[in-house]
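Below is one structure. I have some questions about it.
Letters A, B, C and D mark the chains in the order given here, with residues in each chain numbered from 1 onward.
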Amino acid sequence: MTTATLLIACDDKPGLVSTFAQFIAANGGNILDADQHTEDETGRFFMRLVFDTASFALDESATRAALDRLSSSIANTRFQLFMGGGLPKVALFCSKTAHCVYDLLMRHAMGDLPCEVALVVSNHEDLRSVAEHFGVPFEYVPVDRDNKQAAEDRHEQLLAAHGIGLVVLARYMQIVGPGFCDRWAGRCINIHHSFLPAFVGARPYHQAFERGVKVIGATAHYVTADLDQGPIIEQDIAHVGHHCSVKELTRLGRDVERQVLARAVRWHLERRIIIHGNRTVVFA
Amino acid sequence: MTTATLLIACDDKPGLVSTFAQFIAANGGNILDADQHTEDETGRFFMRLVFDTASFALDESATRAALDRLSSSIANTRFQLFMGGGLPKVALFCSKTAHCVYDLLMRHAMGDLPCEVALVVSNHEDLRSVAEHFGVPFEYVPVDRDNKQAAEDRHEQLLAAHGIGLVVLARYMQIVGPGFCDRWAGRCINIHHSFLPAFVGARPYHQAFERGVKVIGATAHYVTADLDQGPIIEQDIAHVGHHCSVKELTRLGRDVERQVLARAVRWHLERRIIIHGNRTVVFA
Amino acid sequence: MTTATLLIACDDKPGLVSTFAQFIAANGGNILDADQHTEDETGRFFMRLVFDTASFALDESATRAALDRLSSSIANTRFQLFMGGGLPKVALFCSKTAHCVYDLLMRHAMGDLPCEVALVVSNHEDLRSVAEHFGVPFEYVPVDRDNKQAAEDRHEQLLAAHGIGLVVLARYMQIVGPGFCDRWAGRCINIHHSFLPAFVGARPYHQAFERGVKVIGATAHYVTADLDQGPIIEQDIAHVGHHCSVKELTRLGRDVERQVLARAVRWHLERRIIIHGNRTVVFA
Amino acid sequence: MTTATLLIACDDKPGLVSTFAQFIAANGGNILDADQHTEDETGRFFMRLVFDTASFALDESATRAALDRLSSSIANTRFQLFMGGGLPKVALFCSKTAHCVYDLLMRHAMGDLPCEVALVVSNHEDLRSVAEHFGVPFEYVPVDRDNKQAAEDRHEQLLAAHGIGLVVLARYMQIVGPGFCDRWAGRCINIHHSFLPAFVGARPYHQAFERGVKVIGATAHYVTADLDQGPIIEQDIAHVGHHCSVKELTRLGRDVERQVLARAVRWHLERRIIIHGNRTVVFA
């Protein structure tokens, strides 16, 4: 079955569900999943439609054109159409810590992530063998105080060369520059090892130990230029106790990190997420 | 804002979302929430629509008539329309154990359950003061081996007299008869104190202790004539350990029971549930 | 069975478990539960011993004297002995929000909390009927900008008159003064409706909504003069989504609050908690 | 720091904690962690002691001899002493499904499992490259209807040759024979992909789908000759909904399986588990 996914955000008014559903039906598409939510506080309308395109009369550009016409009479519309084309291509950025990279590559190998992992980029050589084991090209791009711009340029060059559509910072221990953040807005997911907004910045497990918390957590979010402040996609926690050293918190946290990151990446790839200001709508 | 909720189950075919959304739009309704799911395995289409009826052109009976006409061209359609009318009226059945009754009455008193709790029925006098504290009529209907049919008749009489639309067995320690189960099919929710299908029947915490499980659970389900076999609405668990006696399991389980039951009751009252064979679709 | 509980915190050195276990055995006590943990980072030794006192040779004061002698050769020892005496007496402070008060009183009524709830204190009259339903004296102590000291004096007078050993701030919407915090250090538990250290202070659910978090939480902690900064006893969370308004977050949060608070109160009453700087050891 | 761990199960009587703690102290050991629990229902005493052996006066065989003497005056004593020696050696049995094997090998590579993974055994060749990537010998031992005893003999031969102390059935899709179960009693852990006792046997996710459960789970247990009936070590669950096909349940279940199995293996390796009839005491 070939399907397309349409994400719509606009100001609410009567008849919108009908308008979009009718558009698809009138052109021979069959809706397989529909989720719609209107936010009271803001009057914003959000919808996700997945439809069978086997008998759909329009190709991608005709669909876009038709949606543009439909949108012209609806206020503040933003739609995203995912139709045809191959699997999205994903790049994983990492440093020395292996668990998130292993986890994503293993899930991909088992057929759990609807994408092609096309590239692993790291500022260290440590995880080359992991990427190679899974048959994914590995690119070593060292980063230090003096070559940040050159490294970023190299990143962009690699991402372009591989046709990457989503960058996943899978415990990448470098701060990415504001230019990169802007260009990859909504297409770059980071995993932070705390339940944000608690413990922003460095060494969150040390902060958690000091504060004596009884839960630790992890947060997957879209990257923005403000460190650890971007729209949150998913969070989860683990219960901890007085017997947990920082090392133990770190160990327990790894399980949370990789699950939270995997869920966020999966939802992004399944086109379940609409960014709404600094929040996200996730049709899970 | 006055709203109506429409639940639809039918065989899938192209255009259904459009058909129903258009019907609402054409009559001046505004859809506030739409959830739709088609099950691959069975080809069944399920949808929940909540719409603003402030400007809706049809009254309830006209809406029903129109939906009947719409349905005539769709296979195996079953719709439920909840439109106008007051709050649904709920009866709680209980015995001696107080936690689920307290919990539901407290939630109701705090405005968390969109219903009127109109009646508490018990085969013991123990919880009379609880019902009275919350201002709910309490009816004592003793049940023993010899008066089962008379008790059931009395139950039906009370439920009719109070216009009850939903019966909640809130740790009611009597088996309800097959006639009652049939008449209240899809309108009678029980809480069983295990994660079904494990530990069907009596004394599930004792069974759990014997088996040495590391989680205990609770299951809210629609009642059917087959004991503990009805469609499951919600389940949850608590982690337990070797230090937990049966008494401790029972204590920990009470927290799970009341939360699971409250969620199930709330979802039923919010018209989020469609029964599908012996399973449920819950648009949560 | 009559039991005593001994909590010990001291600097570690070889032989401590033996020293204390032998002391109890030598005097005819039988240890029923022993938990011991030494923290690597600080070299602090923590132990909890519960022992059967049926054949124990010493009364409480003789036991204290003996423990003082034992402690004299151990560095920085702090022990707490709970032996004989009746049930600890607890006061609940509340305002208008009922769920935590109902929850604790219901648990107490079901025999789940090893204490006597001796008093409910509130700055509003709203929950008087709740206290009275459970047969607990209710004291109305209004608090405003100008009578804070008088109110605190009245609180102390009531707590003294009722022989209170633990104060539980069960969604009490007034800040308690630093003098009160000092006098009740380690004996006053508050429930804060966020997963601290996130969302300190007022309206945490509003803060959570604004930040777009995917989990909300609650934290039970000992009260100190620094608002929401005291030693954390227990935390838990609930998963939330984009469809949750502030009102919905508040509703979901109530379930977390009352469970977290109940666990913390129970652990305190079972003498499972040792305060260690701004953290807690909880032998759960 | 070199440590030893002592696990004791015996009939309770006064003075036992003291007896064992004193024995360690008298010989110059320092207890680092002590956990003790007496089960009311059975009067059984369970204790775990971890002690620093840097200054301990006895070697392993002298310690065993001394413990034998101590035990002679205590009823039904069974102790396990883990002292000196290298890391325990572990064999992973698997078939074609990779996630549990990857997970354990990755955790091991990150230093999270206190063991040496010395061998991967499979009835298929599929996971050879996974074992080899992690530098672990892989042995292919095909099993079919006619060679079961030969395969079991080969297994025993391999386990003996590699000095294996723990066998982990990491989604090994063959039933192991009763002789093997007996010989490896308490030293062979299986992961079953349901929350036992629900859904014993084959295709538990299909069973779960049919029953319409709202949670799925996984269970790690010691293997016994009765299929899926052995002592449970750990269980956990994931919440699922009506939108989950069997394939989706399987995918979500994999995350639960690998975490539950990893926790069970870790606890076994850390000598936290005492088998007690068909239940387990886990000093977690």
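The criterion applied here is as follows: a contact is a pair of C-beta atoms (placed from the backbone, for glycine too) under 8 Å apart; a residue touches a chain by one contact, two chains touch by 3 or more.
Please read these numbers as outputs of a predicted model, since none were measured by experiment.
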item: Contacts common to subunit A and subunit B (chain labels); value: C, D
item: From subunit B, the most remote chain by mean C-alpha position; value: D
item: Same vs different contact residues, subunit A with subunit D, by half of numbers used; value: same
item: Superposing rotation of subunit B relative to subunit C, computed on C-alpha atoms, to nearest 5°; value: 180
item: Pair sharing more residue contacts (C-beta pairs) when C-D is set against B-D; value: B-D
item: Distance between chain centroids, defined by C-alpha means - subunit C, subunit D (Å); value: 36
item: Euclidean distance of C-alpha centroids - subunit B vs subunit D, Å; value: 41
item: Contacts with two or more other chains, residues of subunit B listed in rising order; value: 37
item: Residues of subunit C that touch subunit A when the two form their complex; value: 37, 39-41, 46, 195-199, 211-215, 217, 231-237, 239, 241-243, 245, 276-282, 284
item: Subunit A-touching residues of subunit B, taken from the complex the two chains share; value: 12-19, 21-22, 24-26, 28-38, 47, 52, 55
item: Partner subunit D, residues of subunit A touching it in the complex; value: 98-99, 102, 106, 109-110, 112, 129, 133, 251, 254-255, 259
